[in-house]
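Each of the next two complexes has chain A plus one other chain: chain B in the first, chain C in the second.
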Partner chain A sequence: MSRRRARLGRALDVFGPFVGLLLVIALFALIPEVRGRFLRAANFKSVATQSVIVALGALGMTLVIISGGIDLSAASNIALASVVTAYAVNAGAGPLLAVLLGVLTGGLVGLVNGGLVTRLRLVPFIVTMGMMGIARGAAKWIAGNQKIDAPMTWVNELMAKSPRPSWLLLAPGIWVVILLAAALAVLLKHTVFGRHVFAVGSNEATARLCGLRTDGIKVLVYAVSGLFCGLSGVMEFSRLTVGDPTVAVGLELDIIAAVVIGGGSLSGGEGGVLGTMVGVLIMSFLRNGCTMMGWPNYIQEIIIGAIIVAAVALDRLRHRKD
Partner chain B sequence: MRDVPAAPPVLRMAGVTKSFGATRALDDVGFELGRGEVHALIGENGAGKSTLMKVLSGALAPDAGRMEIDGRPYSPSGPADGLRSGVSMIYQELTLAPHLTVAENIMLGREARAAGWLDRRETARRVREVLALVRHPEISPDVRVGRLSVGAKQVVEIARALLHRSRILVLDEPTSSLGQEDSRRLFEIVRGLKGQGVGVVYISHFLEEVRRVADRYTVLRDGRSVGSGAMEGTGLDDLIQLMVGRKFSRLFPRVGHAVGGPVLAADRLKGARMAAPVSLSLARGEILGVAGLIGSGRTEFLRAVFGLDGIEGGAVVVSGAELSGRRPWARVRRGLGLLSEDRQGEGLALSLSVADNMTLSDLAPYRRRGLLRSARRNKAVGDWIGKLKIKAESPAQPVGGLSGGNQQKVALARLLHQKASVLLLDEPTRGIDVVSKGQIYEWIGGLAREGKAVLFVSSYLPELLGIADRIAVFHRGSLVESRPAAAWDAAGLMAAATTGRASKDAATGQRNGT
Partner chain C sequence: MKAAAPKALAAAMALVLAAAACGRKPSGAAGEARPLTIAVIPKGTTHEFWKSIHAGAARAARELGVEIVWKGPQKEDDRAQQITVVEDFVSRGVDGIVLAPLDDRALMRPVRDAAREGIPVVIIDSALQGSDYVSYVATDNRKGGVLAARRLGSLLQGRGRVFVIRYQEGSASTTERETGFLDTVAAEFPGLDILVKDQYAGATTETAYQLAENLIGRFPDVQGVFAPNESSTFGTLRALQESRLAGKVVFVGFDSSPKLVQGLRDGAIHGLVIQDPAKMGYLGVRTMAAHLRGEPVEKVVDTGVVLATRENMDAPGIRSLLVPGLAAIDD
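Then we have the complex of A and B:
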């Protein structure tokens, strides 16, 4: 491959998802019926707020997918964490403690996932598919199969569209996502652990040969991903103001799709935080635009499905000559 | 049967030119393959052999040049078109479906059918016929390919090519993963193909083997055809000189080194995949060669020592400390390093950069306050690239884009970079060119001089005899004998490896590597 094409390929790697995002925004900006409402700062803000839950899940999933794994239990884990948070607030625990419990619940589920994947040598798809049911069931059990009402606390303001204090400009949840995304990006690119995660995903046998403790790395990856799901669950509770065990059904697919649209490879060793975040935004803007157009839900589903296939096909095309 | 005196050759390539960016991979290359001829294509890694064969198969379109098959113009639109025109490629990495049976693999894409149903009887008949043609009627058509040995897989692949009525068969390093016996049988098959009027292009780094099997040769160097002729009357030295373009001084450079005290000892070690316990020891500054046929247990022994497989009995002792279980990281910490025989599957993470692959086993020097110092790491990697003459664009280039020899250098560089003091090298020179081999021999000698211990597994006896201090021979999972290299000769090694018995007259040799 010539040097120029190599450079072009690298540029596409970085900017490809951005081009997709701009295309989606431009598409709706060009439609006269919605342009006025779509292109408003308030709308962008609400899209960003709506992205928080998927974004947090997708950050954890990026780590898992780069390591060559998959986590199908992410959405159930989010529901479980939201229920635990609501339960704790309701039971009189302080909001901070409740948030902590919610996040740690997510982390615990991730830890169990990682433990099963490494100890029993089962494929992550099966382990996390099982965990998807277990976590969902546990959430319903804790909630007594109904929504848990909880008194309003500051936790509910994490997802407020007009935040207090107003100088925050964006909901605190959005700032949390931005900070964590930056931290994860640094972790992946500029720490030894990050390089190890890429190595395990690219070729686990090589990683073992080089003396990496691959099992430990994988457990850590799933645990961190679980913590992200836990935090996402807290945001879900904040948004709904109740703990709902039936929330976020099927959301794991949106989360995985965001990572894949952003350049993550399901065979491991590839992916990035920036791409994932753009993937999340592409899907949020699509949902937002379609809703404004008054298009029914099924149209959105078809479009998003097509975009996932197209994004992966583009990725293939890009890598074919490497 | 017409017998036209001036029958066109099966294949004629003329003026073939192909550039990748600024690099001219092929420059006006001509190549002719006669009917029923075995034609050796020889050259160092990167000389253009693979590119030429990709042009032939249709995988690459040439920038210029003509090709003819049986005198008719041939310009394939892709590999499938090439296959239809009678060109079959058999690559180093085999392309069989492991879960399908021998018959299913051979018939793949050409299933015998009757009214839409698989015609089992016809399938069986044709598979048996073609397996007889390659002189391996004992291979069962119903066994899954995944259960076959590498040699048998290769036979199946050749059988498939014959079923496709190929006029031209390209064998790319066919014996690099075969033992001596399997290689011998392969040569028989190749000679048999001549009788079928098939033209065979034979690519191999094993020059002795090439001289035995080929009728004619063409040598490529730097994308040019530098010599072509009849194999008869051409010496080994002539070929080597054409390949390297200069007098090849010494094939096995000996670097002076002194053997010190023991550093690694396997005491009745029995790994999970080993057939029998093995005791063997390795000293500082020693190069211990390990010979044996493919499947003789050499690799399994290394894997148990390095903790990649479980240990069922015995012990591994490194510098006085006993190591247990499946814990390769504990070995790395103790200064062991292993070079895998499976470069692409295990040795390297192909999608990662040269820098990542080279430093993966020891990132500690580049860590500061938890962060990785990329600039410093790239500088160190750049130094290694220069020192080892690795052909890479930059430390950031994915290692999968390098040629086989350069990939191997990266894998070796990792052991050097991690400053391993005990190096377990499994087939370090497999599939790489003569010049790179020479470099690797020199490094191994240099490592021994520095007092490092090298265990060197190889199927290529001359290199073991050329550089090892001591040679141990494996046969069917157990250690036959270990003696100083001077007490072995090629015939004795081969006899020990094939029969499991060391010759009597070497009673002076030591037993069990003490």
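Then we have the complex of A and C:
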């Protein structure tokens, strides 16, 4: 009996995050008005494409949150990277160079975040809140306080709904997310660095006493998270086809919500790639379904708010069991 | 508590299975009698301007017996989210989309995708690059600028020192208003001396206020001012009031709000060029319905601008535009 219960418990740990996602999909699949359209492959593809930007940001955020930190500058960083990419394309740089510059800009912002957190011994909340303003301001500055129209290149194909070549089936951006998610999952579960990130997040003092170089680990975590934001910014540019410094305002909260819905704990030491991805999809499907139904935006905002609280409450329940 | 979680899991699974089973049933039996569904996508949902568009669209829907679905981006003025909304309506398979694009470039691809899926799009309010849409229903912004220039020029009797507060770089509609104003001044009122014509107010009342304040500080003897939209008009009005120039400087603005109507009544504003957003929403839905029913439609539809002044502001046709009644929305 007890063994069966333990097995059920473990199954729940693995499939727990999926329950919410399935519930959301089931909800809209049951509404006759949109059922036929909602469950189409084309719609799932469209939702997946819409999820790419938040998903990339959330992969980096998963790492940061596991390490016990937080990154409020993620959305501003995305906007900055998208503007830098557009600026570079516009200035005549090759698309590949522009993409690299965008990603590296994100990484640089992350590196500065990590440096400030460890050197100045400031709490991440404050450092990244400051960086939220700095990166947003820098984006507006570079863009001259307006959007940047850049010529169309293959960068804009990264988020096209019908990809070229067509054997890709999904937009290249989705494949990037899938590959990076798998890589990050392996990194977290099966490498020394991954275990160290968990150790720092669970109990930093103990980790330090055990001989871990906690500062170095934290800097690396923020830098990697910044790189993810940079890539997300490139995708944002690809989708908009313009570099818009005012894009993604408030998106950092969606990103954090995705991690938390997926089982990440803001006190550190917990979280997972799979859960985070499910968290991202839950919010995307909700948005998609609400729009299809023509429900007003406030309903959608209320539902997502309630889901965040419910998801974390459920998570608590699961943990009290152990 | 221990048993609760697996139960929830089982219930969820059952629900999903049930849903999947339902999904397989054919659902298009009542297809023939179904009314046309038209999605109307504004730039935002909380501004009065968009509520008027909603009211107009709702009136057209009632008259024509079509259904409209009104849905804007979750955050006002968020280009990325407006793209998502368009894509979701394409996924849903509405019969047509009436869209006020937040960006003349960023919305091109989703509109093209919609056209490719056989869903026609009518553009309202602001222009879109390319030609993947059925019709463009909007204010003739250039004409609005011309009206403003004529009002300002005739009040100043053709001579005086004037500055133009521009709105924002890259905003197509306001740039047309500014160009219409400047061209008309150059052609019809050569005696007007344009002191400043390349300063941008930015998106908010606050930034417009600061710009107007600085300009007034630099040119205290200014005699006429033109501002091309609601926020820049209100910001300029505040600056004129603060520097005690309100009423002394001839001031012509654009769009309407309760504060601007009050300014018009007090004599601080000498003219407001007003658009007809309700008509824009109305004609947007009408044009789409006509297209869907196979009737020919115009590629460009002008919804008209008028000049409101202190003298004519209580005439019924003008009053309803200055103070739109929003009771007509029902959904």
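We take it that the second predicted complex is superposed on the first by the 311 of 322 C-alpha atoms of A that agree within 3 Å, B and C clash if a C-alpha of one lies under 4 Å from a C-alpha of the other, contacts with A are read in each partner's own complex, and residues count from 1 in each chain.
One rule holds for everything that comes next: a residue touches a chain if its C-beta (ideal position, glycine included) is under 8 Å from a C-beta of that chain, and two chains touch if they have at least 3 such contacts.
Everything quoted here is computed from the prediction, not taken from an experiment.
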Between chain B (first) and chain C (second), which does A:A248 come into contact with in this model arrangement: first, second, both, or neither? second
Between chain B (first) and chain C (second), which, if any, makes contact with A:L212: first, second, both or neither? first
Based on the superposed arrangement, let me know which partner A:A26 touches: chain B (first), chain C (second), both, or neither? second
With the two structures laid over each other on chain A, which partner does A:R287 touch: chain B (first), chain C (second), both, or neither? second
Is A:S46 in contact with chain B, with chain C, with both, or with neither (first, second, both, neither)? second
Could you figure out whether chain B or chain C reaches more residues of chain A? C
Between chain B (first) and chain C (second), which does A:L317 come into contact with in this model arrangement: first, second, both, or neither? second
Shared chain A surface residues [contacts with chain B and with chain C]: 5
Per the touch rule, the chain A residues reaching chain B in their complex are 1-6, 186, 190-192, 194-196, 198-199, 202-203, 205-213, 269-270, 322
Provide the residue numbers of chain C that touch chain A in the complex, in ascending order. 1-2, 4-6, 8-9, 12-13, 15-16, 18-20, 22-23, 27-28, 39, 45, 69-72, 74-75, 77-80, 83-85, 87-93, 103, 105-106, 108-109, 113, 168-170, 200, 202
Touching chain C in the complex: which residues of chain A? 5, 8-9, 11-12, 15-16, 19, 22-23, 25-26, 29-30, 32, 34-40, 42-43, 46, 49-50, 53, 144-147, 149, 156, 160-162, 236, 239-242, 244, 246-250, 287-288, 291-292, 294, 296-297, 300-301, 314, 317-318, 320-321
The residues of chain B that touch chain A in their complex are 20-22, 306, 308, 328-329, 331-333, 338, 340, 342, 345-352, 356-357, 360-361, 363-364, 366-367, 370-372, 374, 393, 398, 400-401, 414, 418
